[in-house]
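Contents: one structure, followed by commentary.
Lettered A, B, C and D in written order, each chain numbered from 1.
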């Protein structure tokens, strides 16, 4: 991680020669490819690729790569692409309510240096977890939300996020529906954890619903937030086996472990720039 | 398995002393308990138990145990119970359509002697898999079903099942909705395999729906058939991880392995008399 | 949890009537059984049981139950038993070295009140994680261990543990072999996490060994520490799928999530008094 | 599958430009790439790739591709490569002893047309499963093996395999050690299933050893056979959770499901030409 790399995430209509063309562009200009993964959605006819290369010998100046790539290839091949540099630490805000298991898991990783990320602030609609912010030395902002003040409070939150140059939001069991203004400000950059294997048990109280239905597995799903509740692109899911011996409380307990791990896996993939979204689905590279 | 055992499955309103009372009844009459598992649903206030004992020294004649238990305890404690004898081989009918993976899995176990069961017949709405019946030497009956002849055909099927003293049915990817007459003749004794982690993706084409939604797991669910489509008591579920690289065909392929294993696990538990149903849920003992 | 319950863990040579006898003892003396699970190891001829009952109406005084049970049954049936009371919070010490993922997971649960336990102190052979102790307000004691001072330092540790009335130890990636004195002071009460699916990859550097061998799964194992290194009774294990794309660093990263969850599950079972050990194996009740 | 494709599996010392070079070779000669996956083992400095392209418009005649590729690139870049054509059905021999679960699973898939493979014969050291061959119409050859006749019998088996132009062998719970002559005739082309999560419990009776050790998971491992017993390159592994309630018989029962699925997954990957071996490890592409 000492020397910077460039990461290109792209998709475009599938056609022969794209890999050869992009890899040659990198090679002939002195870039050493250290990662390449690609995927073709045959049904949709879409080509996806993630390629990462070392910049040390790359002859195009870092701040011009995007421009060059756009001019030379993107328009021609109708590519949608994003370019990232490894040296930049993305800035993440955590939203939380009253449950602490997810935020502790995120902050334990952060504080141990597992992730290449900055967490400049925590936002909550309740003061309950203020102590967590204090323990980890991260500013904790409380925005109590009521029906009456919701749009106002969200505007204040948005201002705070912008002021802190936040790149993406993580809803760590934030028990409050995010409205369109925030969602549209962070398209495919708000990661939520829902405590069921979506699309089963959307909405409130999924563990109660799971218990009621008598399922033998419970799940958790991390997804990007869209204006459709619990229906955004899924990044990661997992399940744990339960039995008739588990009552609702036991499901909630077992679910906590799932939720935090599934959320953290999704956040990690996002930080690593390994998630591409397309038509409400994700391509998640290894 | 050489000497017979009795298996008691029961549930009743929970109250102190039931275990002591039932186990004493068995002990004082010379039965040696070789298995006991019990469960209390605290919310519903229901007590469930499965107990199995050796009959060799049991002083109550085998054909009178049910009567004695009924008289002495069942009425008094409002018990619902079923009594089985290990020596009896339950008789199972397989229903199948065009896909062979589940039926092969069932018959491979059957023919290897893994299960204490008889399979006197296979019923299908298509002739495609007749060869499977021939290979394993099991009569294969074709009942082509159309809208017009459905009730007639089901009546003929029911007659055949009765004639063969069938105890329970296994729908091994039988692509035909079973109607009320059959369901009511075999309450909680028709085991279906649905190719999704229910309650997600009920109804037709779950793999297509799963692909469309972009889930990261696919599942399979075996359940008892009730008149509510895909909504009966769940016996067993499992999932397998998928990725963006898997198209619908790949999901179907990965799903086949799940379906057959999940169905066979449920059938095994049923044969072993380890499944109790209560209010559209199951208690599945180990 | 407001009113106390008694928890009896026991094993004895198997014979008819034990369940009936123990449950009757509880019932006739006014105890209401709220949990019973039992297991017979047919090969060894050993009967295991965990039973929990409410003490509110129990006529035997709490401090005499052990004595009564011992006199009336334990000797007669050669029972080994332990009696616990729910109201008592077991006292746990965490041992840690330089890696923080396990201890954060333990303390996040502790601080959220998930567990009925006290954690009066943390012991480490390095000062690196002192900050974790400070954050959660738990005394952090550093005992640097060298070949020369090992027995001395362990004696000091033991003294500290005793002074704090510690009931059991959790080695949260404590990278130091515990010697016999400590092990014998806490028989089956030291829980370790080993970063492999034991018995594969015992000893040091299991992720390197796993990578070298080219396995497709990595695992973690929590077990009670015995004087046989990595060979004590296993409490819990789990695995995660890996692929050729994962280098040693990736294995270590994926392993961290496993380790902490597997360790915490084992600690939880221990706190709940649901683990019985017998001949280097465990019975872990649900 | 109607029109043929070429599949290139290769590895070589890693260096910049290989992907670009190979994909350009295919593109400029009229091949349409429908699959590309690659992997760099950074520690070893080895580049691996699997690429598949449609031959319809490919201007190099099918029987000359290997030669061209060899001349133009392989020597220059020290590539080890294999070229396959989709239209060719690999020919597989099944070796079996007395247990039928794996062979039924293989043949059920074969007979359902799931796999692009021919199975011209079954070899066994016992006559017990002859009936399986008869049922599926596949010649079943019995070669009873004793200490005395082993090398003779293996020579006869080899002759039979050659006569039938067998490409690879599947040991479907074949309880007989294969000797060097056979192994060397089919390097990395003999797939075995071992009933443990290797490297744990190598050798005989792994379920007994697993029970003895008190593990909480049992596993199965499919691997290529080398002259080191149970130590060849691992293709696929999986596990299933067990508990203290499972005796050795139960482990064997649960293990059967694992074994057959894990073996079939490995066979499928092999048939699809998605497995590359390198220094006793595998790269298994999706």
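Going forward, a residue touches a chain if its C-beta (ideal position, glycine included) is under 8 Å from a C-beta of that chain, and two chains touch if they have at least 3 such contacts.
The shown structure was predicted, so the numbers you read here are calculated from the model rather than taken from an experiment.
S.K.: Need the most distant chain from subunit A, centre defined as the mean of C-alpha atoms.
M.R.: The most distant chain relative to subunit A turns out to be B.
S.K.: In terms of residue numbering, is the interface formed by subunit B and subunit D classified as same (over half shared) or different (under half shared)?
M.R.: Copies use mostly the same positions to touch.
S.K.: For the chain pairs A-D and C-D, which is connected through the larger number of C-beta pairs in contact?
M.R.: C-D
S.K.: In angstrom, rounded to a whole number, how far apart do the mean CA points of subunit A and subunit D lie?
M.R.: 37
S.K.: On a C-alpha centroid basis, what's the spacing between subunit C and subunit D, in Å?
M.R.: 42
S.K.: Specify, in ascending order, the residues of subunit A that touch 2 or more different other chains.
M.R.: Within subunit A, residues 42, 243, 245 contact more than one other chain.
S.K.: Taking the touch rule as given, give the residues of subunit B at its contact with subunit A in the complex, in rising order.
M.R.: 39, 41-43, 48, 197-201, 213-217, 219, 233-239, 243-245, 247-248, 280-284
S.K.: What part of subunit B is in contact with subunit D in the complex they form?
M.R.: Residue positions touching the partner: 99-101, 104-105, 108-109, 111-112, 114, 135-136, 243, 245, 253, 256-257, 261, 264-265, 286.
S.K.: Sort out for me which residues of subunit C touch subunit B in the complex.
M.R.: Answer in residue numbers: 16-17, 19-20, 23-24, 27, 32-38, 40, 42, 241.
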